[in-house]
Amino acid sequence: MTIRRIAINTGGGDAPGLNAVIRAVVLTALKRGWECLGIRDGFNGLLFPEHYPAGGIIPLGAAQVEGITTLGGTILGTTNRGNPLRYPQRQPDGSTIEVDRGDEVLARLAEAGIDALVMLGGDGSLTIAEALSRRGLRVIGVPKTIDNDLDQTVVTFGFDTAVAFATECIDRLHATAASHSRVLVVEVMGRYAGWIALHAGLAGSADVLLIPELPYDPAVVAAAIAARERAGRHSAIVVVAEGAHPVGGAASVLATEVGRADRLGGAGERVAAEITALTGKETRVVVLGHLLRGGTPTASDRLLSLRFGAAAVRGLAAGHSGVMVALDPPVVRYVPLALVAGRMRMVPLASDSIETARDLGICLGD
Amino acid sequence: MTIRRIAINTGGGDAPGLNAVIRAVVLTALKRGWECLGIRDGFNGLLFPEHYPAGGIIPLGAAQVEGITTLGGTILGTTNRGNPLRYPQRQPDGSTIEVDRGDEVLARLAEAGIDALVMLGGDGSLTIAEALSRRGLRVIGVPKTIDNDLDQTVVTFGFDTAVAFATECIDRLHATAASHSRVLVVEVMGRYAGWIALHAGLAGSADVLLIPELPYDPAVVAAAIAARERAGRHSAIVVVAEGAHPVGGAASVLATEVGRADRLGGAGERVAAEITALTGKETRVVVLGHLLRGGTPTASDRLLSLRFGAAAVRGLAAGHSGVMVALDPPVVRYVPLALVAGRMRMVPLASDSIETARDLGICLGD
Amino acid sequence: MTIRRIAINTGGGDAPGLNAVIRAVVLTALKRGWECLGIRDGFNGLLFPEHYPAGGIIPLGAAQVEGITTLGGTILGTTNRGNPLRYPQRQPDGSTIEVDRGDEVLARLAEAGIDALVMLGGDGSLTIAEALSRRGLRVIGVPKTIDNDLDQTVVTFGFDTAVAFATECIDRLHATAASHSRVLVVEVMGRYAGWIALHAGLAGSADVLLIPELPYDPAVVAAAIAARERAGRHSAIVVVAEGAHPVGGAASVLATEVGRADRLGGAGERVAAEITALTGKETRVVVLGHLLRGGTPTASDRLLSLRFGAAAVRGLAAGHSGVMVALDPPVVRYVPLALVAGRMRMVPLASDSIETARDLGICLGD
Amino acid sequence: MTIRRIAINTGGGDAPGLNAVIRAVVLTALKRGWECLGIRDGFNGLLFPEHYPAGGIIPLGAAQVEGITTLGGTILGTTNRGNPLRYPQRQPDGSTIEVDRGDEVLARLAEAGIDALVMLGGDGSLTIAEALSRRGLRVIGVPKTIDNDLDQTVVTFGFDTAVAFATECIDRLHATAASHSRVLVVEVMGRYAGWIALHAGLAGSADVLLIPELPYDPAVVAAAIAARERAGRHSAIVVVAEGAHPVGGAASVLATEVGRADRLGGAGERVAAEITALTGKETRVVVLGHLLRGGTPTASDRLLSLRFGAAAVRGLAAGHSGVMVALDPPVVRYVPLALVAGRMRMVPLASDSIETARDLGICLGD
């Protein structure tokens, strides 16, 4: 089937680089003589055209994508909307059920004369893409997550920007920690995988670095802080992924002391409470959270996004479908969505970066 | 009395520009043929020389200050130590009393042959400086606070850097707020004065801006968010100084809903809880806190710090004492510490910046 | 006369903050119930409507100015167009004469129902504004120049951003100069006034600092470099304003050696050639030029721009005309354009900043 | 042979990340119980100890490398010194001959009890390392060049920082180019390989992109500028690697017009002259040059540098010698220096990035 018209949509959380991918998809499609459309607000622009007086599917030409590479967010509106395969639908009795609107998506795309879809998203969106592909949609995925935890690609766009800003924040905190003789605990994103914490912790010269892949012993962390203290270094920077957690029984030991922090705050609050309880040191917590999602993408993320976007269109032109573009340096290749969906790429404990952290004397809590 | 040897100390919280001031003081003193010393860790290097094997008072020459203008923190160690006029002293029974060690400070300075002291600090340190001056010490203060709330000077060093970074953070959050259709509440420093919130909120295009000088009505804030919503703008950026607080009875109205946030979090958490309670919008809080204290000073803060440091030494050479250097653009002048100590400079409600905020349609909560 | 409709135009070179001023003018005008228009490409949109199919004067509402505070350039197109009072007009014989189209400007503004004009520009634009004011136009000027050399205001918008980036560049060069044992000469903007060089040179820890206000002696510069060399410091950073020039006869001494650089390059090339000729040191020149014009404005420049823009509209509402908004910290006031036009604010040689430079041991070439 | 003491040296031009590599080498060596020394100023500290009162080889411990990850330059002094295998030696008659001091290097290292050498450098240094290895030295290389043109490694440290800053500069120039309706030509480093130009040009949305690997036709470049002009876009950003050059006879066509630029300036000046000659457009040239060498390394460069430094020591511990550490994502491996020395990695014309540039409609001049 010859392609004449494609659409783009974006799903999941915000990530720097979305607009750069969109720009590359649009320009590459135009170059092949294709028409390009953008679906607003996830799949909402497609499913609820009545909510969009100016159109839920908008034409994207060179003018629409000029200068957008540096912009955070997405020109397609919001990313964080419902899964069309399990779309929440309010019932008359006030309860909510999930409805499969996948076939509706296919029908609407067909009505709009759209021959193929480029989906930008993380694990959730790519799983949807895979399902839609199995139902017959010509679709190609572009891996997006600042957490870098998607399988089959060495890196996802948004990750470099998140690491760069987290590192800049850690840089700022070093002098303040020293000036105040304090332990500063920096919590970064990473619920399941510790990539941001690992890279930013290394680049930012963290003293302690805790990631989900490596459950930590609070006593080991405290011992590292105490050893610094004895060596005359009264401050420390502790970088904690939000998914970091203590080894089995350790939490209970500190249950009373850290209970409040644990109940109410995230991993950073808990680690800070443990350190104070075990060492008596004053701690402060800085939660970077949403600061890591936004911002102008780094040059590296822009390049990756542009390559991914152009490769997605080339992939469609070459007949690929049901695949995701992936970086396998120095080349971009296409991997079946079935190999990506529902899988997660954790930091391998035997990796060179983990070994480097140990070589530098960073406490990993184990 | 001819000056031949001076000392510098730093007090209070960390602020970008401390090292630039130190560099300027040292080089300007050297140029006049004076010797320059640095007291480590507030006044501790003076009071507890026994804790400093390498000396609690260290010589500062050109080599020690080379390249330090760009460094955060202070090369004199920690800033945040005891007030020598009310120094905490542990008693045999475990309690703590406060001891006046001011005369000890004077005696130790005299023993070390120090003719004058340059004190870098905020209101606390400058109050100490004023007291020591009344006891006969030749002393000059340099106004340091990222909060910009010192009286008699148009600006303090550290403030521009804090505003610049707060603004950069707000910039990053705009796209994410829009992509997720959320209200993002950004809490910045400013317990008593809203300067950082006001400047960063204006520069960062905040939609709502809450400062301590202007108690806010949660209903007014909620109405502003709701009006945006009706206009099709589903996100908002709310900048809140940590000292912002609701008008009289307003808090009680929302007591139950926001009670938890109010008890446990800061102003940002409370405002977020109020917005959610009154509008149903999803909110997220980002607390910038310590991120605003550190980092490389902006060019503007470096220039101000260098001017202040050089002017402090010139002031001593001209016979000034018991004064603080102050910026009265375009000149630096000397104001009596007695006019500064214990006073605070709030944002004037009739100011041009406040008026600009209103002109731009920013909700100030009143 | 009641104002109901105003227009904005921008003139002269690009400067960070133009869009922030435009946004503030528009929002403040809308708040007063006025209509706001933007003239494209200096005065061209007014004088040559036939070249603008979409209109040479465009309506500016809240939507047009949303999110533009952070953008460099101007949404009104190009800034750098002809002076309407001496507009270049090609003659049939190929020569060009200058035509006064000032009355045409007034007529077109009247036709468009425009009651007042806000002009953003430097000395050239403000001189035009003053002339148009004398012809009866209700006009208010907003001082724009990255060079900071306009009279009657402590600072102009765009200057802080230019200084910040120049300083960042100097920071980057320090380590490279040291690693390569070289003298790096950094030329910054400033044809008549040395403000950027002075501020960035101080903030960036320059070793030599040359400004137009203070003609330099190449032998003095060379002696400073040589003294560093003897002290074991084999590199140096020399910051040069583009208008810096040697004292009277000095140039001739080096005529042969530096002749080539002088003929072909700017002040930076000449200074580098002089240093090499007199000291034998290897030099490299970095010309920052246009890099200082663009970019996202600093928080400080955004704030100033927003204050200026809002104050311009408030000024018009209060009946001011023929004036420029000016910063006289902490207030914004209105000064007659006649006091600004054709005047230039040089760095005063007796200023505190110059004295600070000397105190820090920076060679000023005199 | 068991290793007990190693030395580090740095050669070639400055590159961001040198200090991070040094820190990782030192800490990783200390962890294995090895002693670590630093040779000052390339090999000079070893060959001319008499010039170094404080020692030409200095001990490096944890204190010496604390906090240096973020610093530009190298704590080992200058990088850019003589090749010990062809060391320039002044003769009595004033001429200079080249002397092989390689055996002297080996002897001095042996005298100092140094068991192995870690050499940080580019092609020149790695070629020396290879020769010293053949003479029996235990040596491991770490690939350093901002140009990214070393063979056998996907990336070298310093490159990401250079691209990031070049991109930031291009970002700044876009609005100014548009505001002034000009063509801005940005010359970046890259004498033989166009990696910086390619990556920064893509990330920075260049309109024309010229690299050494792809000789350009000035007429093609001019046609691209003219086509933009016809489409109403009166400005353009042209990114040029310093080694970019026109195809065969093309230069001669424009010989007269561009002759002056060609003789005196670099590739950027020539391209600008060609564009002006062929299109009549006003052009300006910005040469980034040394600005790309310095500065704080990006998070990505820091991580790479730390991984390389730690891997170098692990490699020595594992018995490797005569090899270079190389990135083969996601792993670091060891490749024989003989496969690296004297080879250069050019941008492959069939690469994904080149294809992306074409897909985006960027003119590559061919």
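Note that the chains take the letters A, B, C and D in the order they are written out, and that residue 1 is the start of every chain.
What we mean here is this: contacts are C-beta pairs under 8 Å (C-beta built on N, C-alpha and C of every residue); 3 or more make two chains touch, one makes a residue touch a chain.
From a predicted model like this one, the values you see are computed outputs, not experimental measurements.
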Least step count from chain A to chain C, where 1 means the two chains touch: 2
From chain D, the most remote chain by mean C-alpha position: B
Centroid distance [mean C-alpha coordinates] between chain D and chain A, Å: 32
Distance between the centres, which are taken as Cα means, of chain D and chain B, whole angstrom: 41
Separation of mean Cα positions, chain B and chain A [Å, integer]: 35
Chain B residues counted as touching two or more neighbouring chains: 171, 174
Contacting chain pairs - touch in the sense defined above: A-B, A-D, B-C, C-D
Contacting residues of chain A [partner chain B, same complex]: 13-14, 71-74, 77-80, 165, 169, 171-176, 178-181, 184, 234, 264, 284, 286-287, 289-291, 293-295
For the chain B and chain C complex, residues of the former touching the latter: 23-24, 27-28, 31, 67, 69-70, 154, 160, 163-164, 166-168, 171, 174, 199-200, 202-205, 298-300, 302-303, 306-307, 310-311, 313-314, 329-332, 351-353, 355-356, 359-361
